[in-house]
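First chain A sits with chain B, and in the next complex the same chain sits with chain C.
Showing the complex of A and B:
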């Protein structure tokens, strides 16, 4: 049933032109990061690692979270419009399937974004004249960041489900990401869902800050379960208001 | 009798206020059940509770003889089609794509899409984006979605809203046909009484959240005693005779309206009126309109 629900979720996103947003916006942190790198060459001497500090600073701090938020807001926008809550909740599907189908769509988006950012990172490295390919470690951080992104996706999905506004949850994601960056610097990132993107991606750092992968894993899983349970509970126990 | 929908003490409270109160709905199988009541009476609220869209404050709901709970919710929804409040639709998708979503979720064959499109006469518009549909077309699409999967129970909340007179007639006829053609039970709400006269087998009337009448449509008509209408040449003479006979009467649209009399009494009275020179032009039985019946049931005037 979950795959069936995903199929229909996929259909609901047709004609949305979302892909243009997701293709276009990640160019900005790539350009900003590359530019910063070139302007500070005398300080940034670790090649690919240095470029990563610049690229990920902008991307994790300002773009990744809001992009995920836009996707999640869109997923719910189609239901908030035109009384679709009534039909969504009278289909023969469990509340778990409804929420998980949307969550899996969002999770897929967090991974796809990271892959695209990886491509852009390599391209910008080539453009600024770095030799060879980036170290595998950086690509590992990138994908690990998508685990953090998944936590953001689950949280945004809950928020956009409860709030009819498209923009407000996106703004929250932006503020949350910036705060996450700061909290991460203070070493309490594990307790702030939006900080897990920064932590996972090792943003703005050239050596791995994640001394404890276990802690990170527990935080990711814990938040994912928490937000999913809250989301499904809302669908189960809240009166539908189309 | 076995009912496809049966509620007991169904109640919904919003911040302490009972908007649906102790409703015992009894909907027999394979019929059209008209659920009537003025605006704000609690029709939509009741129907939403049946579908689990809103939670029940008190009482219980049984559908298909089974008490509805979290476990059988999905099975019940699978054999139920519904159209609540206003039609739901994804505006950026075509009518057909909208139907495909429902078809996929209800796991029915793709062929049914063509059947329901034909049933609501939307074949021509199926590839247009629903955003561009008129309200009537959206309503038809909503009906088509509800019909997908050949549900045994169809719950329709004011389905003729926004349709033009021809469309209204068409939808009524379609609803009328469903029990016979597909064996469906249709629970349809409306605040228009005339509408029910044309399609309902059973009626339930809700007012201020309380079910004040529930029976066969004919019973509702019987509930209202018919009146006798007389048109006479000489009203003064007629009134005089009626007074002498001790029969109450009222003037209505220039005619005399009397309570219904037994056949022999009627014959006797007419004879007297003729003898007395009242000159009887016309004698007719005047059926109370559903509107009048409703007003006498609810004791409420004004728009319905």
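Showing the complex of A and C:
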């Protein structure tokens, strides 16, 4: 049933032009990060690692979260329109399948987004004249960031489900991401779901700041389970206001 | 006109739209409080200049997304209910556009005024020396108020023309990004980018001493050319947007 639900979700996203947003916005940190790198060559001496600091600085801290939030808001937008909540809740499908299908779609999006950012990072590195390919460690940080993105996706799904507004959860994601960026700087990022993207991506750092991968893993799993349970619980016990 | 103005406010009743600027304002206050604890200034007189500079930067990041949200919330009443066509049989299209913009601008004006009050309160709380001069206040209003109005106008047009609010929000987000980068990369290419005017209309400079890690702030003249361009572009954008809305109102054929 979960597979069928996922296929249905995929159909709902048809003609949404979401891909244009996800393809377009990561171009900005790639172009501007590369430009900033070239402007500060006298200070940035660590090659690919230096480019990473410029590329990831604002992307991870400010914009990755809102991008995921746009996706999550869109996934729920269909249900908030035209009494679709009534249709959704009377389908012969469990609440777990409904929520998990949307969650898995969002998770796929976070990983795809990171892969695209990785491609752009390599391209911008080549354009600014860096030799060879980026170290595997950076690509690992990139994918680790998507684990943090998964937590954000789960939280945003819960919020977009509860709030009928399309825009409000996106604003919450922006504010949460900025707060996460600041909290990461203070070393308490593990306790704030929006900071896990920054922590995972090792944003604006050229050496790995995650001294405890176990702590990061526990935080990711803990938040992911928590938000999923809250989301499914809300679907099960809250009356529909179509 | 008064009736149409009242109608707009009745449409936003119980929609809790004021919560959007309130949340952004609270967040700005918290951000500044956090930043105040970690900054090393050369002298106490620098406090106000630091605060104004920080506020300009914070507005560059937050206001474009806030304006996108505000515009989206104000316009989705008609878009969700698909009532634009019906509405345009009773209300002049141009007037509807004006009223929507005016409602958004009202929220924005209250937001900028609240920022001013917050700034003064913040300065008093942290015992900044001296007072804010009239020049600084005018510059702040030009930088934060005028540029935010331009951003709101753009977002309003995008929201009115998009049944799907992804595009306006994505543009708002991209605008935050571009505006933020304009602070770090000085270039004449930023002139056509509306969000970069938070930086182009900057009026405070800074020197950072690498050794002592102390920052000193000083007043610089505002870029008059950028100001003139913006003052011309804003009414031109309004007239073009209004005309476009009258000619091609979504749902009105």
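The rule is simple: the second predicted complex is superposed on the first by the 242 of 242 C-alpha atoms of A that agree within 3 Å, B and C clash if a C-alpha of one lies under 4 Å from a C-alpha of the other, contacts with A are read in each partner's own complex, and residues count from 1 in each chain.
What we mean here is this: a residue touches a chain if its C-beta (ideal position, glycine included) is under 8 Å from a C-beta of that chain, and two chains touch if they have at least 3 such contacts.
Note that the coordinates shown come from a computational prediction; the quantities given were computed from them, not determined experimentally.
Asker: Is A:78 touching the first partner chain B, the second partner chain C, both, or neither of them?
Answerer: first
Asker: Figure out whether A:11 sits in contact with chain B (first) or chain C (second), or with both, or with neither.
Answerer: In the superposed model, A:11 contacts chain B only, not chain C.
Asker: Thinking of the overlay built on chain A, is A:237 touched by chain B (first), by chain C (second), by both, or by neither?
Answerer: first
Asker: What is the contact status of A:2 with respect to chain B (first) and chain C (second): first, second, both, or neither?
Answerer: It touches nothing on chain B or chain C.
Asker: One more residue to check, A:112. First (chain B), second (chain C), both or neither?
Answerer: A:112 sits against neither chain B nor chain C.
Asker: Now for A:62: first (chain B), second (chain C), both, or neither, which partner does it touch?
Answerer: After superposition on chain A, A:62 lies in contact with chain C alone.
Asker: State whether A:91 touches chain B only (first), chain C only (second), both chains, or neither.
Answerer: first
Asker: If I apply the document's touch criterion, which positions on chain A are contacted by chain B in one structure and by chain C in the other?
Answerer: 16, 81
Asker: Would you pull the chain B residues touching chain A in the complex into a rising list?
Answerer: Listed in rising order, the residues are 48, 51-55, 70, 74-75, 77-78, 80, 82, 84-93, 97, 100-102, 104-107, 145.
Asker: Across the complex, what residues on chain A touch chain B?
Answerer: Result: residues 4-5, 7-8, 11-12, 14-16, 78, 81-94, 236-237, 239-240, 242 of chain A touch chain B.
Asker: Which positions of chain C touch chain A when the two form their complex?
Answerer: Per the stated touch rule, the residues are 20, 23-24, 27, 30-31, 34, 61-62, 65-66, 68-69, 72-73, 76, 80, 164-167, 169-170, 173-174, 176-178, 180-181, 184-185.
Asker: So in the complex, which bits of chain A are touching chain C?
Answerer: Interface residues on chain A, with respect to chain C: 16-18, 21, 24-25, 28-29, 32, 35-36, 39, 58, 62-63, 66-67, 70, 74, 81, 165-168, 170-171, 174-175, 178-179, 182.
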